[in-house]
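There are two complexes below, and they share subunit A, which is joined by subunit B in the first and by subunit C in the second.
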Partner chain A sequence: MLLRRIYQFMMIYGLGVLCLLALKMVADLSDYVIPGLDTLWHTFREVAWRYTLDVWDTLRVAMIGQVLSIGLALLVGIVGRQATWFGSFIKVAAYNVQAYPIVAIAPIIFILLGDGFLSRLLIAAMICYFPLLLSVVGIMSQPIPDIEHFYRQTGRMRWQLEVKIRAFENLSKLTTVIVGSATLAMAGTIVAEFIAAGAGIGYSIRIALYQSDLAKILVALFMIGITLSVYQGVLERAGHWVKQVWSG
Partner chain B sequence: MLLECRNINFRYPGNEALLFQELSLVIDTPGFHALFGPSGVGKSSLAKIISGQLTAEQGAVRYHNDGRVLYGYNLERLPGWSSVGRHLERVTPAHHRSLKEALIEAFGLAEVMDRHFSRLSLGQQNRINLLRYLVQDFNALIMDESLANVDEKTREQILLTIKEMFPDALFLYISHNVVEVAAFCRQILVLRGLHKMPRVVTVQGQDRMKGREIDRQGLQQTMLEIMNAA
Partner chain C sequence: MQRNFPWCSPGAIGLLVLLFCLLRLDVGVSWAEQAVAYRLKWLINMSTVGDVYAKEKGLFAARGLAVDLRAGGPERDAIRELELGHAHFGVASADQVIHALAKGSPVVVLAQLFQANPLQWIYFKDRVRIDALADLKGKTIGVTFGKNDEIIMRTLLARADIGDRDVRLYSVRLDYTPFFSGRADLWPVYINSQGVEIGQRLTAAGESIGFFEPEAHGVRFVANSVVTSERLLAEQPELVERFMSALLAGWRGALDPANAAEAVALVRRYDQDTASEVLQAQLTATRPLVQPMDGPPVGHIDIEAWQQTEAMMRRYGQIDRPVNVAERLRR
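Right, the complex of A and B next:
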């Protein structure tokens, strides 16, 4: 799983770079617009370590934001699973808020909280929270009649058991959703850094953009891709492990 | 009167046509009875109305002294996070522990107690599911094709065991096997098509018990009556 994700990313990244080089050749573009392989390699050696630290900084924020989002989505999803007015309210609110581009709120957050850690964390959490919430509410409000019937018939059904049954039966789906939300959390953090923060790989990309240095941007994308592939692979493996342990 | 359905009217939401119109039936005695009829005639729907899972638009279901009616069906599953043995332990009331052990033995399930439900054959799954209902406190149990995937010999043994161990309970067995319902059931309530009146016809079955051989001529007669009624 982990290795597959990494080599899939490497292939896509390689194809992307080849396309750029082909464009450079066809349009006869200068090294200033699209750098050659030697410039790319030189830049990689120059900034790789610094960018690695930047990506780790971004990933740290994304991970904390994702964990917060997962916790909150589970909490609200469990409460909102019921066919009560509150459950309906949660679903309608989540659908509507999810349809709004949360990143557009980022400037307000930066104005109110400054350009530090908290702003990045909040934006990362908000961007991955609503899609997560929708999935969790969807999973938790979907009955598993073949299993739940007995407990309802015999008066043994409690909310904890209901949540346990639905979570267990949808563990693969939940894992996929959590793995997918890692990308959202990372994207949210990078966008936040890109807009106004003073740290992280998004900030480094912003600097490279001001310098019109495509080589640095490509190196940054490589670092982000590799790190995210490893993180998602680890999450997938963790989901697989949880399922194995839980299923006995 | 032990169980009575009187003038039941029922239709599923969104359907204009009534599934049951003025449907009435009575079961007077405990024992092993059957609900028989062609597919789609409404056996499971009627069972759900009797067990209180569906509500009739009109009419009433009455059980003697408001006894507890349970409804189990053959597609049910046990949660996958523990073995069937642990699951049974958790859902068996303390005063039915010895009953559970006796049923495990009688149903031939002792070997599978440490396995997970999904790793059992369909027949074993059916038996485990039925067993967990039998160890509950109930006055009536509706068995909706509960032994559908069990082989004939084991099914026969299970039915005879249930009849012997639960003489005071009422069972309503839903099955498409005419030989089986004719041989083992006391009353066979034949649920007929929408346009046939009356909707329910009662046929007396052979009510086979342990150690009592069945009268072959009588069995054939019962089967003919069931088929004619259907």
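Right, the complex of A and C next:
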């Protein structure tokens, strides 16, 4: 599964680069507009290690942001699953917070928290939180009548058990959502770094953009893609492992 | 058998005539004026006053050109647009031009808009004192990594023999909080736009501010210039002549003190967030940068400054081979 993700990414990336090179040839464009293969290779050798460290830095923030989002989404999802006034209030509040585009809020975050780790973390968490919340609320609000009926009839149903039943029955869905949210967490962190941070691959992309260096941007995209593929593969594998352990 | 031709009905014929008239009117405009796309380097503000003046005063139109003045921004690159055919002319900084030449881009410089680079560093006089380059030692200096201010500052530091360990270069971002809060001692600004605006605000708040000017310490790094593609210049030299003649006339007109009020009003049509008084002060600050007293005419290309710019970029690894930029300057 992990290997498949990596070679699929390589194929997509390779196709993208081939399209660019075809455009370069057809329109007779210089290396300034679209870099040639030799420039790409030269740039790769020059910046690969530095960009790898940058991507790891970004991934570290994205992972923590994602864990925070999962925790928050589970919390809100569990509280909001109940058809009570408080449950409805939590859901409305959670949705409303998301009504503002993060890019518009980001400058305020940077002014208040500076351009360090916390700002990047907060933005990453905010970007990947909402899709997670929607899925968690959907899953947690959906009863599993066949199983829950028994516990209700025997008077043994507690909220913890209800959450466990619904989570277990929808574990594949939850795994898919969590794997998908990894992309959002990474994108959120990169956006934060691009806007104003002083570290990470988003920051390096911003510098490459200032230098009009598309080759560096393409190398950065490669590094991001390959790292994300591995991370998503690991998450998928972890999901399967959790299911196996839970199933006994 | 009688055939029915609905498109021959009087209503349909009338509609066709109306359509033809509308199209004819539209085509009439493009027949009379040649459409030209002009990509600026940044948003429309006082640094583009000559461009705005040329358009709004009909100087382009008088030469048969319908110029689409397109605002720039950090994600816009006029040189790329020239090569891709999305623009006929553009404004680019010298480092952009030299970067592009190093990568084989067929770009030609037609005119140098700023004779002095507007990039300077602002500082609080009560916190920092800078009389000589050596005074930069130990300071925290804001630079935009990857942009020309980084190269300029590194050149200045090298001239003063100040190593990387002797100063702290602070990554500049969107807001000025690090400067206002004292985390950075010097912050890069464009003296004719942000310099005026922030300077006025700080002075009104009772602060005493100063500006650190690289040119005063012998570093001449060329700023914005008008560029086009080699192909357009070769294939349509007459179009290039008409465009440049209108553009430079626009700059001369905008900088003429007699036209100051009008120039401010024209820029304000595009830059409505800046007060007229600020724009007025920005125009006053822009004038000596574009047309220095007893200096060369508007648009003059300072070959020596271009060569120094190339040498600086080479020294700091921004380009890996000489590009002989002087050969790409249209004198």
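Just so it is clear, the second predicted complex is superposed on the first by the 240 of 248 C-alpha atoms of A that agree within 3 Å, B and C clash if a C-alpha of one lies under 4 Å from a C-alpha of the other, contacts with A are read in each partner's own complex, and residues count from 1 in each chain.
Here is the rule we use: a residue touches a chain if its C-beta (ideal position, glycine included) is under 8 Å from a C-beta of that chain, and two chains touch if they have at least 3 such contacts.
Keep in mind that what you see is a predicted model, and the values were worked out from it rather than measured.
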item	value
Partners on subunit A (subunit B, subunit C) - clash or fit	fit
Which of subunit B and subunit C A:208 touches, first, second, both or neither	second
Touching partner for A:110 - first (subunit B), second (subunit C), both, neither	second
Subunit B versus subunit C as contact partner of A:41, first or second or both or neither	neither
Subunit B versus subunit C as contact partner of A:89, first or second or both or neither	neither
Touching partner for A:27 - first (subunit B), second (subunit C), both, neither	second
Arrangement angle, subunit B at one end, subunit C at the other, subunit A at the vertex (C-alpha, nearest 10°)	150
Partner chain(s) touched by A:246 [first = subunit B, second = subunit C, both, neither]	first
Partner touching more residues of subunit A, whether subunit B or subunit C	C
Subunit B versus subunit C as contact partner of A:154, first or second or both or neither	first
First, second, both or neither for A:168, with subunit B first and subunit C second	first
Superposition-derived minimum Cα distance between subunit C and subunit B (Å)	52
Subunit B/subunit C common contact set on subunit A	none
Touching residues on subunit A, where the partner in the complex is subunit C	27, 29-33, 35, 39, 107, 110-111, 115, 195-198, 203, 206-213
Subunit B partner contacts - residues on subunit A that touch it in the complex	146-147, 149-150, 153-154, 156, 164-165, 168-169, 246-248
Residues of subunit C that touch subunit A when the two form their complex	74-75, 77, 79-80, 83-84, 96, 99-100, 103-106, 144-147, 171, 173-175, 177, 318
Interfacial residue positions of subunit B with respect to subunit A in the complex	51, 70-73, 75-83, 91, 116, 129, 132-133, 136
